[in-house]
Each structure stands twice: as C-alpha cells, then as structure tokens.
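In what comes next, subunit A is part of two complexes: it sits with subunit B in the first one and with subunit C in the second one.
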Partner chain A sequence: MKVGFYPGCSLEGSSKEYSKSLFAVSEKCGITLEEIKDWSCCGASAAHSLNHDLSIALPARTLALAEKQGLSEIVIPCAACYGRLAASQQAILNDKAILEKTEKYIDMAFTGNVQLLTVFEFLQKYIFPVADQYIVDKLNQKTACYYGCLLARPKDLTKLERPENPMEMEKVMEKAGATPIDWAFKTECCGAGFSMSRTDLVAKLSGRILEDAAERGADSIIVACPMCHSNLDLRRPEIKKQLKKDINIPVLFITQALGLSMGISAKELGLDKHFVPTGKAVSCIVKKEA
Partner chain B sequence: MARIGVFICHCGENISATVDVAKVAEEAAKMPGVAYAMDYKYMCSDPGQTKIIEAIKEHKLTGIVVGACSPRMHEATFRKAAEKGGINPFLCEIANLREQVSWVHPRTEATTRKAIDIVRTIVNKVSKDTPLFPIKVPVTKTALVIGGGIAGIQAALDIANAGHQVIMVEKSPSIGGHMSQLSETFPTLDCSQCILTPRMVEVAQHPNITLHTFAEVESVSGFVGNFDVKVRLKARSVDMSKCTGCGTCWQKCPSKKIPDEFNAGLSYRTAIYSPFPQAVPNKPVIDRANCNYFQKGKCGICKKVCPAGAIDYEMEDEIIDIKVGAIVTATGFDIKHTDFFPEYGYGEFKDVIDGLQFERLASASGPTSGEIRRPSDGKIPEKIVFLACSGSRDKAKGIEYCSKICCMYTAKHAMLYKHKHHEGNAYVFYMDIRSAGKNYDEFVRRAIEEDDVHYIRGRVSRIYEKDGKLIVKGVDTLMNAEPVEIEADMVVLATAVVANPDAESVAQKMHISYDKHHFFAEAHPKLRPVETNTAGIMLAGACQTAKDIPDTVSQASAAASKIMGLFSSDEMTREPVVAVVNRCMPPLFTTCTGCLLCLEVCPYHAIEREEIKDRRTGEILKVAAKVNAGLCQGCGTCVAFCRNKSIDLQGFSNQQMLSEVVALLNKPF
Partner chain C sequence: MIICSIQLIFFCIKRQLNRFNIEIVHESIETKPGNSLKSRLEESVGVIVSHCYQCGKCTAGCPLNEDMDIKPNQVLRMLQAELPGYEDKLLSSLSIWLCLACDTCYSRCPQEVKLSQVMDFLRQESVRQNKVNPKAKDILSFHKAFLETIEKNGKLNEVWLTLNYKLKTLNMIQDVQKAPSMFFKGKLNPIPSRIQHVKEMEKIFQRISENEGGDK
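And now, the complex of A and B:
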C-alpha cells in the first residue's frame, strides 16, 4: 500500500522525530510513504499575511506535483501545512477564477483530485485496521492529548466532529493501551509562532497547558503538531521560570506513542531527540496481555 | 369599446424618483382603449381616490388601471374607489410599478419603458375583464385556539368573554405553557404562577371554552369562516370522568427516574404523572414510552391502587372533527439547550445550565423549593456567571436574531440570586443591554446599581471544569479588552429562543407560511402583525418570534379582537376569484367532458361530480365537473390540468392572461 507524503519544513528539521516515527509505524503496518518530489514550502503564516495569491499558489504547486507523480492521497502530518494545503485546495476548487490564475502562476495543470489526509485520518484509514496485530505493548499511562489550534480548526478544513473537544487522539491512545485524561486545555493556544519573538508569552500560555496536565495527573502529553511540540518541549526552561516550578512531563508525538506500543525502539522513534527526557513515558510500558 | 382610465401614482418618491411617471401617463393615454390617463403624488390618499372617482364619472370609464404599489398593499383600496365611482370593483386592476419596477431598478430609460410595458399589459387585461360579484359564505362562530400557554389562554378568554365559543387544544397534559415554569417575572418580580394560575382555572371553568389537553391538531381544511379541523385526543390512559386527581397513582408508580420536563430535567417524575401541582386539569396521564406496563407488560400498580377505577390501559387515541370559523395559532417556542455550545462543554458540565433551568431552581415550586442550589452537588453557589446572548445574534451559530427576552431575564436571575444570597457574587457577560420596554431599563439599572450585579461587556470563549469550579474565560471589552477569568460555581446560559421542533409540520398542517428559523410569518410585518397570509388564521405569542409576556398578551388580545370582528356578522364575503366550469346551451351544456382529472388534483377538495339531467325524464344527459365556490381557493391547479380548457379562473381567465402576454409582445390584441 502506497500513500503520498508531504513533510513540510518542520518534519525535516526541528520535528525530524515526527517524520521518523510516522515512517516507522507505517513501515511496521506495511504502508509505504512516498514523498512528493521537489515539494515546496506551504507558505505557513508568512505567505497568507503578505500575499493572498502566493498563499494559494505555493501549496497548489505542491499539490500539482503530487498529481503529476500519480499520488491520489497524501498525508500531511504537520497541522499548519495541512491547514494551508487544504485551504488552498478548497479555494481553488470553489472558484474558477482562482483556478485559472493559480494554474498560470504554477505553470501546471491543477485538478484538485488529490485527497489530503490529516495524521488522524491517515491513522484511522491505514493503521487502525491492522494495528491490533502489531500492538504488543501497553503504554499503561495517563496521557493528556493536546490538539492546540490547527489540528481542530477551522472545522471546515479539519472535518473534526467536535472541534472544541476533539477525541481523535484519545481513540488512538486507547488503542495503544493508555488512559487518556479528560482535561481543559486540549485546544488552548500554545503561543505558536511567537516562540521566537515573544518567548515570554509562549512560556505563559504553554505553561498553563502543562500545569493543567500535571495537576490532572498526566504521565505524558501527546501532540500531533510540530509547533505545539516545540513550544511544550523546547521552551521548558522559560516555562519553569514562569511557573516557578519544574514540570517534567514528556511530550510525545502521537506516532511515537503508537510506535512504542508496537514495540518499536525509542531510538527508531526519535525519542532521543527531545529536550524533556522521555524515559518516564517509556518506563510505564508493560507487555500487553495476550 | 372599452373606456379605460389609467392612474399613475408617484408613491411619494418611491416610484417617481426612479420612473418618469409623467411619461408613463403620457404613453398610457395613447394605448388602445384608454380614454383618460393621469399621474398624482399619492393615489391612495383621500384626494387621490377622489380623483379616480371623479374621473370615472367625468370620462364615463368602464375600467381602471392604477400604476402603484403591489396589489397586496392597496388593491382593495382602489377597488373600493372604483365601486364608489360606479364600476364593478373587479374592473379595477393594479400595475405594480413599485415592487416590480422602481424598488428593483435604477433610474434609467429602460426602467420607465418597463413601467410602460407593465401598464400596457394591465390595460389589455382590463379590456378583457368582466364584472364579478363577491361570494357570501356563512361563518361558524367558534374559534380554535392551538396552544394553552399564556398566549392561547389570553386569546381564548377574550374570545369567550365576547360570547363566542372557543375550543382550546394543548399538546401537553396541562395548560400553562412556559409561563407556568417561570419563577418571578420582570420588571415587577411578581410570581409567575400567582398571576397565571387564576387564568388557567378560568379557562377550565369558562362555559364558552371547551378544553382538550394532551391533544394535537391533525389537519386543517376549509377556509376562513368554515374550517374543518381534525383533532387527535391522545390516549391519556386515565378516564377523566372518573379520576379525582387524588394522586395515589403517581405516589405508587415504580418508574420514578424519568427526567421531569416541567422542571427542565432537573428532577425526576413518574410514568403516570400530572406535570405540576397547579396543573389544569390536575389529572394524570400515562407516559407510555416510559411505563413498565406498556413497555414490559408487567406492573399495573396504578390500576390496582386507583380508588376511582379511572386507569384504562386499553384507551386509544381518538380523532374528533370540529368546525370552526377562525384559528389562533399560539404554539409557543423552545430554547436551545446547553449541548448546543461546544465551547461551553457540549452540555456535559452539570453546573452549566440554561435560563429555564435557573427559573426552576429559583421557583418555590421547583426541585429545590426555590433555594438556588447547583445541580451537581446541591451546594449553594457563591459565584454565578450569567451569559447573555448564548447563541443569539451569532451568525456562526445560525441564529442571527436577538432573542429579546434574555437581557431582561438575565438581570432578573442575577437579582433573584442576589436577593437570596447577599454575600454571593453575580456576573453577567453581555454584548449590549436591550431593555426597551416599560420600566425595563430601570429594572436593569437596579440590578447593577442596587443589587451589585457585576456587568461585564464581552463574550465568553470557553468554560472548563477544574476542581469542582467552572473556569469562565472571557473578555472585558470596556477595560482595554482585557481577558477575564472567573472561577464560578455555576454558569447560566441565556440560550437562544428558537421555534418549536415541530413548528414546520404545524405550519404545513395549517397552510401558513414560516421564516427560515421556522417562526410563523405574519401577513405584514408592520400593518398586519397578528394575521397570517391564510385568512382566518391568527398568530399569538412566541410562535411568531421571541416575545416577552406583555407583548405576548397584547398580541393574543389583538388576535382575539380580529376574530371577534370576523364573528360580528353572520356571513362573510369572499373574493370571487374562483374556478368555474363553463356552461352553454343544450345539447352541449358545457365543453367539460367529465374526465374529472380536476377532481383528483384539487388540493381543497372543491370540485365535485355533477350530473346534468333531463328535467322531465330525469335521464342523465351529461356528467361534468362542478366547483364549490365556497371551498375553492382560486389556486388554478384545475385550470392547468383541464384537457380542453373547460375550467377558467374568474378574474384570471386564460384569455385574460393571454391578453397580458400579447400586450407585452407589443401587439395590440
């Protein structure tokens, strides 16, 4: 089984382990991920705040390349990349004038027949049907599943049923033998792109998220967005200063957590790439009863 | 030869600012058959009408065309003027130059040309018009009131006190409606039940009112003055004539865990129940969906314990036929519930409640006997946050309108809480305070200034639970748009007022129109606010739009007075716009071949089979269709279906319609 794959910048840099673990889990389940050749930047928040046409054309170029490559479905693990690609596709398909203009910009045909999958849709469609036979361990821990903004919103693009209280990650974690907790900060803002310019703000916002997870007894926080991960993991020293206390809950990508339950090694899942040691999450794991 | 007069109205500037009215009159004067044409600022005014009357006499006119607003607006006015001038009112027709021309086009030559074309079509039609005479029908002087809330109660009492018969149909086991659930009422804080229950009793005891509770309207047919209504009396499973309302049955009923509708789900009731102690009639019904006997075939306790032998498990729904002359639709409203708000917890937090639930908590007859205690653990809340505009005025939620009552009842709620717990804190998040009404703004100011309710202008983005508290995250837009966080013990959402879930099907049964939110539509938003577009059917209360009690009562009395007007004479006149089957000399009698396809398609069952017999021998010479002018609504379906054009609609005959089209094609016919 072959599914297209769009990494975006983060999955090649700060969130290499997200990509690594996604590939590891897919491989385990017999799914081949094929990267779109010569893909370009999704435009992120920069493009759509500067030039509307560019913010549509950049993702459109990547989508047209995927079409050329014969991919009918692509998984886009990064929440922001997914948002941009899906928004671009929707804008083009809804307006003929935009389609014509964009085709001129990218100098390629665009039919829009590539189906875009969020990481949840990918797991649901390709991993879930076969997961049980590969899950050998039980995560055996309380997990706080954190969605942040773009995984859940806008509803039109993410297609989530309950954008204010999504349950998609919880379903995955239950399958992996964890106990997802009910908590309040699932879809609150982590501070996102202010990571560089206003680290103090990020520390405040991400700090509150960590605090709630800690108070409700989470052993690990599960994320599916590179930005969320970086703010919750990398900014721990600033958060510590802000909260005046140390919270050492590790933050795992959903694919890492799922990989652990499949018996994939911590190294293969890139768990050594984190700033907050992930040993606490790994040490909870027990063998799944037959 | 026809002598037609054309009168072009400026409608102030409504028409004349866009259409060159003088030019239209000038062109009209040249049209074949037109003997006189003029234009005037306000044709509908008294001097305007006088000009028409005088012109008819002076120029010996045989028909007139008024180029003015929509015929819905003033056709009746001008037809009366025509009649005063001495011509048959149906020889007066309206060319709609306002809604169909000036309001929808810019001022251009083409617009004026369109106005001239429309006048030409109508002139041509009038030249084909024939005098018509109104149809007289008898009036059944009994009114049907659908809904037994305060709107229905007020309308029923007013009509009954005027000496007419009233039949009230209420779908739940008791009358009283939402008002019976309320604690105190704004702006006077008098107890809702104390002012309502005497009226409920009056309805039950009134010699002119027949009350059917636990009943629903099945279908409505007929027309103003003569409606035929089928009412379903749902099986109560209790014989009303035997039951004394002693209450033994509901005390002994073992199914005790059914959410109580009257207490807005805050308490439980039994399967055999009377909704509340002051219910009218205070006799129980069995809720069969939740009754052990009906669901599992076992139990029968109520039947065993009933000292009057009133329990009847075999009882079946009964359909009764009633004849009424007019109908008041007073079916009330519903509210959105807390599960409508994902951002406030999808209805999963027990201490986030809606306004109606708060009413029950504050009511002496409520589940806490009037002590404001939070549903989760029964504690008295130290801090309550009220959210006005929960859902209302929110396009993203699909509810653009203002629910009107929330600003006032939220102030009342906060006040009631503060009166009971002086030390408690009440916060109100609001968008704007809309307190237009007698003594309304004073009431809100009293909440803020005397009762120390904290009003925060801003909206709430999120509510979550933490350590038994509800964390309310919002913004104060008056304090530098600062984010605000309040740790509350209870949150009350002033949720949007919406139409009843079955409003659409009720409207379809009644043949009345409704808006996109399923609120019933009045005939005119300003000038006919209590009538519907279906003659004889009136609206009262919140089934039309969100309304408070004073407005509801006013509208109900207005609906009643409309009906009393209708009942003031023994017969009423109807417009003769009905279908007729042509007749001619024997031996043809009519071109109708008696296929009776029209009988099948008529939605009003107004067509019957007629046998044309030889007067002497009684031999059937021909079978043809015949239209009952009393039932015909003039829809024209039969005309379209008639295979050899033997049926025509009076006033809109095929020939008349064709003449309009031909005129439009610029070929004098």
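And now, the complex of A and C:
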C-alpha cells in the first residue's frame, strides 16, 4: 500500500531519525511512503509571523504538487509542518478570494482534495491494523507522552477529541508494551522556534516539562515533533543549567519507540543520533509474552 | 392616573435618551476613521475584538505571560478601548514577538478569539511601521534569516540558517560547540539541499511583495 509523504526540512536535517524510524516501521508493516516531488518548506513560524499571504502560499505550493502527483493522502510527521499545511488548506478552502490569490502566487491550480494525516492518524489507519503481528517486544517502561502544542491545537486542525488531555499517543505506547504516566505538562509549549533566538526561554519552558516528567518517574519521554525533540534533547545542557539539576531521561520519537517494540535495531531507528543517550530506554525492553 | 401618565412620560423620555445615547456611541464608532489599527485588524484577521469579555483565560494559560510587557488579555483590552496612543504601545511591545503561537489561548477562549492570529497581524504591522521593540531584534532576525534561506533554496538548511542568523545578530559564539557533534551525528548538511525549481520559489516571494506594494 502507498501513502504520500511530506518530510519537511527538519526530517532531512536535525531530525533524520524521525524519518528513518517512520520508514523502518512502515516498511515492516508493508506500507510504502511516496515523497512529494520537489516539495518545499512550509514557512514555519517565520512566514506566519512576517507575511500572512506567504504563510498560505508556501504550503499551498507543496499541496498543489501533491495533487499533480495524484496523491490522495499524505502523512506529515512533523507537527509544525502539519499545522502549517492544514491551516493553509483550510484558509484556501474557506475563502474563494484567498484561493484565487494563492493560485496566482503559486501559478498552479489548487483543489484541496489531498487528505492530510498527522502521524497519529497514519499509525491508526495503516499501522495499527497489522501492528500486533509485528510487535515482538515489550518496551516495559514508564513513558511520558509529550504532545506539545501543534499536535494538540488548534483542535479543528488536529482533530483530537480532547486537546487538553489527548490520549492518542498513549494508545500507541500501550500497544508497544509501555506504561504511559499521567502528568501535567503533556500539552505545554517547549519554546518551539525560539531555540536559537531566545534559548533562555526554551530552557525555561522545556525545563518545566522535563522536571515534571522526572518527578513522576518517567523512564523516557515520547514525542512526535522535531522541534519538541530538539528542544528537549539538543538543548539539554541549557536545560540542566536552568534547572541546576541533572536529568538524563532520553527523548524518543513515537516511531522509534514503536519500532523498538517491533524488534527493529536501535541503529536502524537512528537512536545513536540523539544527544541524550537512549541506552536507558533500550535496556528496559523485554520479550513479549506469547 | 396622573402618576401613571407621569411615569409613562418619564419612561418615554428615558427611552429616547437611551436611544440617543446608543446612537451617539454608534455614531462615534462609525465616524472614526476606518483605518485605525483595530478596524484593519478586524477586517484582515476576521476577529471581532469586542467578543472578548476579559475572562483572562488567555493570560492564565500563556506559557510566557510572565515575560510579556502587555499580557494577552490586555492586548485585546487595548484594542477594545482604543485609548490615545494604543497603536504605538501595541506595535512597539515585546509581547507581540514573544507569542509562540502555541494556541493555548485560542483553544481555551470561551469566545473563540483567534489571539495568535491577532499577534501575527500586530507583528507584521510592527515591521511595516518600523516599530519593532529593540528587545525583539534577535527574534525578528531569526525569522528574516529563515525566510531568506528558503527564498534562495526552497527548503531550510540549518547551517545556512545559522550562518545567516549569526551575520545578522553578530552573535558568533552561540552554539559553536554544538556544531561538530551535530555534524558527526549526520544532522548537519554543510552543502545546502535545494529544491529543483528554485526559481518558482523566488517568483512566489516576488509576486507576493508586488501584490503588497499594490495594496498599499
């Protein structure tokens, strides 16, 4: 089975392991991911902060290319890219004037008939039905499922039932044999795009998240957003300085955690690419009882 | 009977006065120049600021409220009241740049006021009118470096973005120690990856800036 795929810039750079693990899990379950040809950046927070029309046109170019390619569905694993593509599609479909203007900007036709899938929707639709036969191991650890902002909000785009206390990620982790913990910071912001421009604020916000996960005894934090990952993983030295505390909980992408339960090797899932060592999460794994 | 008539007369006068008052208020809004910051914002974002009844949930949930000079609910209050000088105060505030667009405010707002889009509008207006708060310079430089990188390459390359940002802010030391380990983990691509049709990207940027020039 084939599903369209929009990687976004982070999955080619700082979050290669997210892409790697998504491909590894999909391949295991017999799903082929077809990349949108010549896709471009979604514009991220820079575009919507500085130029409204650009923030709609940039994602629209990629969506129009996906239409041209004949893709009816695309999975967008990056939460930030998903938010921008979905917001652009919604704005264009709700307003004819925006549609006409955007078509002129991108010089392509736009029908908006491509269905956009978050990573949860993709897992639920394509991986869940067959996952049980491939899950051979049990993660056997307490996980803090961290959604951040853009997987939970705004709810008309993310389509989650409960944006204040979503449970979609917990369902995936239970399937992988982990015990999701109940905690207070699962939909709080990590500081997102301030990673470089206001690292101090990222350390403060991400520090609170990490501290709560640690106090509640999490063995690992599970994320599904490259920005959340880089703020909690790459920015750990800054967080430690802020908290004046050494917290060494590893941060795994949801597809890495699921892949581990499927017996896929740590290297294939890109676990060696993290800054906070992931050995602690891997060492908990046990064979699943028959 | 007489008392009743007097009461009725009073009631009628009061009603007339009320109506008069309402008309006066209404007229004052109508006669205000249609290009105030508030009216442009309402038209552009599709938000009606009077919908906010100041419950304060936005500020309570905002992850950066303690760092903001004007709290989220106050931003809306200032737009509602339109007191003299409010435009400059809002456009030169740090708050509009600190908003992370996490949408906690919008998702908890009982009146569904899209505050993150209000912030977007105010940021753009602040740049246009050259009123950006000096403390927000680095944040703006980052956004600009980001857009320049994708205009030239079609997609982001972290090395390019970082160098461009450093040139803009002259903040040369920050994060230098992270580069080697990121490189060895294969997370940095020193050669910028580009989309095949880079020209298309440049044209999108060009058409938008031409259109904006026409709008003014």
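In this section, the second predicted complex is superposed on the first by the 290 of 290 C-alpha atoms of A that agree within 3 Å, B and C clash if a C-alpha of one lies under 4 Å from a C-alpha of the other, contacts with A are read in each partner's own complex, and residues count from 1 in each chain.
Operating definition for what follows: contacts are C-beta pairs under 8 Å (C-beta built on N, C-alpha and C of every residue); 3 or more make two chains touch, one makes a residue touch a chain.
Quick caveat, the model's predicted, so the values are computed rather than measured.
In the superposition on chain A, A:D212 makes contact with subunit B only, not with subunit C.
Judged by the touch definition given at the top, the superposed model places A:K159 against neither subunit B nor subunit C.
In the superposition on chain A, contact is made by A:K104 with subunit C only, not with subunit B.
In the superposition on chain A, A:L58 contacts subunit C only, with no contact to subunit B. Judged by the touch definition given at the top, the superposed model places A:K68 against neither subunit B nor subunit C.
Greater residue coverage of subunit A by touch, when subunit B is weighed against subunit C, goes to C. Look at A:S49: by the touch rule set out above, it reaches subunit C but stays clear of subunit B.
In the superposition on chain A, no contact is made by A:K2 with either subunit B or subunit C.
163-164, 188 are the residues of subunit A that lie in the contact sets of both subunit B and subunit C, per the superposition on chain A. For subunit B in complex with subunit A, the touching residues are 342-343, 345-346, 462, 464-466, 471. Residues of subunit C that touch subunit A in their complex: 44, 63-64, 67, 98, 100-104, 106-107, 120-121, 123-124, 127, 138-139, 141-144, 146-147, 150, 154-158, 162, 165, 174-175, 178, 181-182, 185-189, 193, 195-197, 200-201, 203-205, 207-208, 211-212. Note for the complex: subunit A touches subunit B at residues 162-165, 184-185, 188, 212, 215. In the complex of the two chains, the subunit A residues touching subunit C come out as 9-10, 12-16, 38-41, 43-54, 57-58, 61, 101, 104-107, 149-150, 152-155, 163-164, 187-189, 191-194, 196-199, 201, 205, 234, 272-273, 275.
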